[in-house]
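Next, two complexes with chain A in common: one pairs it with chain B, the other with chain C.
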Partner chain A sequence: MNHHPTIKPLADARTAAQSHFRTLRLGTPFQPRIDALALKQDWYNWAGYRAPHSLWDEELEYFAIRSQAALFDISPMTKYRIEGPDAEAYLDRVTLRDVTKLKPGRVHYTAWCDDDGFVLDDGTLFRLSPTRFRLCSQERHLPWLLDSAFRYDVTVEEETEAVAGLALQGPTSFAILRDAGFAGVERLKIFDLAEFAHEGATVTISRTGFTGDLGYELFVPTDKALSLWDRLMAAGELRGIRAIGYTALNRARLEAGLIVANADFTAAEHAIRADRLRMPDEIGLGFMIDPDKGHFNGRRAILEARSKKRLRHVLVGLEIEGNIPAEHAIVYYRKSQEVGLVSAAMWSPMAKRNIALASLQRPYGDTIVDDLWVEIYAMRELQYQKLMKKAKVVPRPFIKLDRRTANPPADF
Partner chain B sequence: MTSSELNWDAIVIGGGHNGLVAAAMLAKSGRRVLLLEAGNEVGGAARTEEFAPGFRVSAVAHLLNRLHPDVVKTLELERHGLTIERGNFVPSVALSKNGPLTLHGAYGEVLTGASSAEQSAWKQLRAQLLRYAGVLKPFLSRRAPDLGNMSLAEMTGLGQTALALKRLGKEDMRDFLRVLLMNVYDLLDEQLSDDRLKGLLAFDATLGSHLGPRSPTSLLGLYYRLAGEIGGLAGAQVQPKGGMGAVVAAIRAAAEKAGVSIRHASPVARVIVEKGRAVGVVTQSGETLRAKTVVSAINPATTILDLVGPREVDTGFVRKVRNIRMKGDAAKLHLALDRPPQFPGVDAAGHKGRLVIAPSPDHVERAFNPSKYGAFSPEPVMEITLPSLVDASLAPCGACVLSAVVQYAPYALKEGWTAGKPLFLKAIMAQLEIYAPGIGATVRHAELLTPADIEARYRMPGHWHHGELQADQMLMSRPVSGWSGYDTPLEGLFLAGAGSHPGGGISGAPGLNAARRIIAMRA
Partner chain C sequence: MKAWDAIVIGGGHNGLVNACYLQRAGLDVLVLEKNDWVGGAATSRELTPGFLYSNCSYVCSLFRPEIMRDLELPRFGLQVISYEGGAVFTRDGDYLANYRDHDAHRREFARFSKRDAEAYDRYSRDVTRQCRFIQPLLMRTAPDPTSFKPRDLGELLYLGKKFVGLSAEEMALTLRFWTMSISDFLDEYFETDVIKANFALSGIIGTALGPMSPGTAYVLLHHYMGEVDGSVGAWGYARGGMGAVTKALAASFKASGGTIRTGAEVDHVLIKKGKAKGVVLAGGEEIYGKLVVSNADVKRTFLKLVEEKELPEIFLRRVRNFKIRGSSGKVNIALDSLPEFPALPKDSPVYRADMHFTDSIERMERAYDDWKAGRWSADPFLDMMIPTTLDPTMAPPGKHFMSCFVQYAPPKIDGRDWTDADRDGFAESVISQIAQYSPGFRDRIVHMEVRTPREIEAEVGLTEGNIFQGELTFDQLLFNRPVPGYAQYRSPIGGLYMCGSSTHPGGGVMGAPGRNAAAEILRDLAKPTLHMSPAHDVI
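What follows is the complex of A and B.
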């Protein structure tokens, strides 16, 4: 007997909320436009959202960033709205850099640590007003941020779903915004932000990005997302605007020498193995530490690790001979002693160099920088060709584009 | 030069007995020490206070059973007026409608009032309890082992414990490990049969904690008690002449002799923090006092959350401090009586001892049950002393003081303590009337201190041990994991109160250990 019981559909809110599983990955507010352009149907999971690796051609998408203008959906990025009379003091305690020096209308790149000084995440902090901030990051941190708010007059709310975000990056990005009618956008210097009108709502535009190029990031209420997309696409038509996926962006960020949480380092709350935790000094973020500012999470541990010389790792930029990308290659000292791992690598079309980011065990990469090698396993028709290539520690960023910071931004 | 320009080597916040011990130890090491006491008198919960005209009583703690021998010796308390003699040991009497049962000497060296079979069962159990408590004793007196960063001395200490375990022999060691985290109820059922004796032990194991005899780990409370000693004997207890205030007076005298400056009525408003370092305090009157070391012998949560403030320490640490379980169930009753009460069947010596109303383990468990849901015990359990029988000066001629610790009185009573207090007092008096008929008619004045009153009067937020004393808040986890060694994330700030390891009771051990730590660190 195959008697199927009839399940009475329930209409209450709890039941409705349970159907989340029917959507395997959420769409972003821009999904209708992206779906229409996604010829490759090549998706990945970005914090629970369906995001494209590539839409039509990785190479051309990358060159859209460097030669035209690339439009990248950053809506899945975690966003927190932090507001209140104590917002500045609160963020100064939670994050590494001195928030008292961040003026309204400015953005800075920062990171935050747990009590032991291990990095929880890095991200960008937008100061929208003297008492209102937006913190953007890769991972979610609401419990940590709320617990940190104890005895501060501040509210912390996640606004990831309420705010849509777009990155418009590339040499023609300024011209597109100007032509789209965002009057005054030319006054934005690097890391400035300002608010502009869009369809009766406000769009926050900052001169920031993850490409090392001239570029902007735009935040808008989700219900105005599609009209903003259309406005940019229309204005950019003759300036080569293209929607892109993450693969292209990832290349641009590597050239810019920027790191990605859980790709170039393991965030403290993700790490299972004790030796995977990283202090800011161990992933190139030591510059953010300001012992002279007020107390911040991890301060004691970080300063103690510095004074007791307990920093065990260092993140470096490498230039590797040849042109075969050394992705996830092991780094050796004198071709024999394992001293680290490459976390990201590519042949850089802009730098015309074979570049990589690597985490090394000190003193290698720190005081000992000679005689470093990487072992690249290049798969050639079902056979690995093992290449031992010389690696040189070089400063980051790997490319420096004057147009990124030029004022006024160049018209193309 | 005004006093605020003076620089002290150490400022001790809080003149409870642990604060006094820490201050005295630090002064003896050559440091210039200032002790700031919020009240008009030092001693904290170990004061002797007048609660009715001519009636004085030990404020909260009324029996001395764990004053650390090193405190007595190092501070030469006997030269400063403390006398502890074997002859002063008082018995514990389990009151019952079927006649009392008495543990004489140091926690029942001799048991009377029980069958001979029960006497021999008790002899075995007592020996075993003391043996096992002896293994834990070093843990419960020294600084908790610092797992990440162990010194040679700490290693040696751990080694000694391992050796003590080994010395137990294979069978005993296995049994030690078997029963370590057991509940006291089941253990008693295994070995004893007399409900009066089991009730007394069940009461002692759970006294001062939010546990019933059947709660897992409740046996630890009994070990904690038996790891204490007085006059060199584990489990012994005395009623100090002059009340607990006399013990404090001896410690105070030792502190002053060592050169400690004591200031009364000087509550601290905040600890001054500069670049991650505690450098002094500001009093509530606005005076700034600077010191190389700040020692807080008050509640750990008050210290971190109110005096230092969450902004000066890390989020994870604040999380831990906020999660210290600190909701006690112990109330304190003081009665001014026209004449000494009579507990039928109890001899004169017994009346000078500790009289316990906990007729069976089930009774204790039933008393505990409502406290889980924010209600007090309808038939509370209690330990009673009649201090004026030991020291006649505590009461007017012919009259009598009764002091009792009563459970269970949940900190967060559902109806609130303003409404609940008279009802709870009535429930207590009903119990007393059963065991000392006629006592109610002789009450001249009754003072009941609920956990809320104890909090307000003695600055003991929520709990008279400054944090539940259970497995998860002992040793390396007291006051919070990672910071059990008296130091704090702030350089120069140390914790020295009962909220730190080993915990509550008039032991002086947290104060002693904290001072030793500071001296060892040359802070």
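What follows is the complex of A and C.
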């Protein structure tokens, strides 16, 4: 009989990576600092990372965003580096908004769709140079991005683990960056980005964020992450800088009227049920569509759905009477006909109103906006207090803060 | 002379499920089993002292939870221990593992391809969509499309509605899924050989087709529809071996008053004026029954247990042409210690899960080429596991039982019957493959049972040793299983029913054919079926 020689294990990088099975939730590059502050040990899974719901007090963490400065670790966000002579043309083809209008040193919020016009994800596109971009998103899209790169002179690389990210948000955020020595940061207008020196490396700072407040996002190579954290914390000590968890950020984003993939809509590659798919016009992203720019993915289907009036849903902001949050409540027309569902809701401390995001079946929320109600099941000491509350369709954002866009940014 | 209300031929899991439901409906049921033990292909046998072998089927997932509940199997001792993932060893000394945690799974795939790692979500979405379409059909009798009975029309309408409920894209995918090869299907999602091989194995297990043969994508789906205690897609070991499933069924059956006779081989079905009246045992003993249910496969039932003259021509021809080809074998091994796999970290959960050594679809297809040529595969595909890493009841302390499912093994070697020398050669192909990845493996072997299609057919009675009692190809599914016009568990002989895996929805230790057949029998007897839970909702 033919006896084969024994196969010997390798000793290369791929083999070294085997050990990941021992750590199901990775730490981010900032984990040593966050662990030291995580007095509640209240973690959730963000794309395979151990991320805090809250570090010590979710109320106070929220108020750090609105009254001081909040530091939020966004390293688990999926990041793609897209580079090459055709990068602009390629991204213009893949994403909804007109990338030719996005100048180097600018950022825009965009989304991208499959061939049928259903939203795969939303995210932010950073133009770092004429030929280099960074796309940040909630979900992962490497096969989609690579397959779409066919015939373009462009490279697409996933760089989530190589780049650490921080959001510094709140009224004192500008003053902290200035005091930390990032000279020229005052020149950043909303959606601008620029590169700054940090410890012999480069930190990319953009005036962007997910809070509707004055704020910045910082991207840095992972080996400089901790020193960047320390630099900000030291500069912010007297300006109330606080590390925060997701619960606080989620409140701020709802006040800002921003949506979250797989919370306010189901991303197309996750939707098992075909009727859960959404076109941009159905989740409030219709403003991104530019029919006059060249072909982009999903264009034909989106324009056809518009012309044939086949858009079945609409995502709206609701203001609900009272102060009981209507999370995941059913929305009714005339208190009886089910017309939609609330995907996120809270009592807003800034707006002093009970606010919500809801997906409704057109024409409700579109042409019929009166006589809408939400049924709130409020569990109180093992009893549901059932409330039928009037809901009014209101524009988003629910709060508008002048300091977000003021130039130069104010020195709080 | 006593006439039983029902005689079930064969004490496999479907025969016992069927008998349990009939007995619980108030019938007086007799199960006849040719072996001295019940279980069919779901058995645990002590073939060497201290070691229990799951010597045919070896893992549990597909068994329907509704049946477990109705027949109180947990109460009668059935415990399923779920295990995590598994792995494919690569020839360069590494492995690709499957982990239950979504992110660990992605990171593992990313070791080989970042692109494929991120392709998994779309793959999983599409497969889940198909499973959701098919799963509710498992526990329903397939409609007869040629019939105008209200019930058949209703069922056809149900099927049609489910199909129409799919989007145009899904409908196209469904049709492709049921007809395309697993290799072509995977090419639409993945580009890395070992990752494709990892998924393709579910498309060929138990099937006399290669990964490049049309129809294998459905076989994959069939293996994805299982669960362990509500954990969808999970696989587990029955504590005490797969015989624990049939042991619990037998206990449930006896507790409800049923009778089992082992060592009672049925020679033929007693037929008078086109109606089954009972059976005649191999020794000549006649046993009378008002109806007879056969757990044997459709070929054994109608080509061996029933005289040809009793059957219609076209039916007979279709039964003869029913594809139930031998494609696999089994090597069961008692080990004096846990084998080592230097490629695996010592604390890897893969030791407790399924292991494979075929790291490309190309190699699987080459293994199939040997089958077509009438040889066992020189480089076989193995589905190997060591259940004793999770279930200490199957071997003495520190010792282990290893189950190796082996593909491909043809029903005949170069057109002649298997010989003992062939069997030994077949076993050597398996041992030498494992030994490549596990130094010193040969020295750990205490005892070995080698089962080619010859042994499986002789002991279990599965024609050609086919584990599914017939290929799961689209021409043999739903209302075409086993043959058109007879997909509703009835046969051309009055009072003779089928309840084995040759019938809808097919093979695997699922129990659905036995249950569905019981529902049809009780319908014919106008007996209530309140003791049968309807299929769980898929919402």
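To be clear about the criterion, the second predicted complex is superposed on the first by the 396 of 412 C-alpha atoms of A that agree within 3 Å, B and C clash if a C-alpha of one lies under 4 Å from a C-alpha of the other, contacts with A are read in each partner's own complex, and residues count from 1 in each chain.
Everything that follows uses one rule, which is that a residue touches a chain if its C-beta (ideal position, glycine included) is under 8 Å from a C-beta of that chain, and two chains touch if they have at least 3 such contacts.
Keep in mind that this is a model prediction, so the values were computed, not measured.
Peer 1: Check whether A:237 is in contact with chain B, with chain C, with both or with neither, and answer first, second, both or neither.
Peer 2: Neither: A:237 stays clear of chain B and chain C.
Peer 1: After lining up the shared chain so the two structures overlap, which partner does A:298 touch, if you call chain B first and chain C second: first, second, both or neither?
Peer 2: Touch status of A:298: first partner only.
Peer 1: So which one touches more of the residues on chain A, chain B or chain C?
Peer 2: C
Peer 1: Looking at the overlay, does A:370 come into contact with chain B only (first), chain C only (second), both, or neither?
Peer 2: neither
Peer 1: After lining up the shared chain so the two structures overlap, which partner does A:150 touch, if you call chain B first and chain C second: first, second, both or neither?
Peer 2: First partner only, chain B.
Peer 1: Counting only touches as set out at the top, which of chain B and chain C does A:20 meet: first, second, both, neither?
Peer 2: Only chain C is touched by A:20; chain B is not.
Peer 1: With the two complexes superposed on chain A, say which partner A:93 touches: chain B (first), chain C (second), both, or neither.
Peer 2: Touch status of A:93: first partner only.
Peer 1: Quick check on the complex: what are the chain A residues that touch chain C?
Peer 2: These residues of chain A touch chain C: 1-10, 14-15, 17-22, 24-25, 45, 47-48, 116, 139-143, 146, 158, 269-272, 274.
Peer 1: Which residues of chain A touch chain B once you look at their complex with the stated criterion?
Peer 2: Result: residues 89, 93-94, 114-115, 144, 147-148, 150-152, 291-292, 294-295, 297-300, 303 of chain A touch chain B.
Peer 1: If we count contacts the way the header does, which residues on chain C are in touch with chain A in the complex?
Peer 2: Of all residues in chain C, those touching chain A are 89, 91-95, 97, 99, 101-104, 106-108, 111-112, 114-119, 121-122, 125, 128-129, 132, 166-167, 169-170, 189, 342-343, 345, 347-349, 425, 428, 432-433, 435-437, 439.
Peer 1: Show which residues of chain B lie in contact with chain A when the two form their complex.
Peer 2: Those residues of chain B that touch chain A are 273, 275-276, 305, 309-319, 322, 489, 491.
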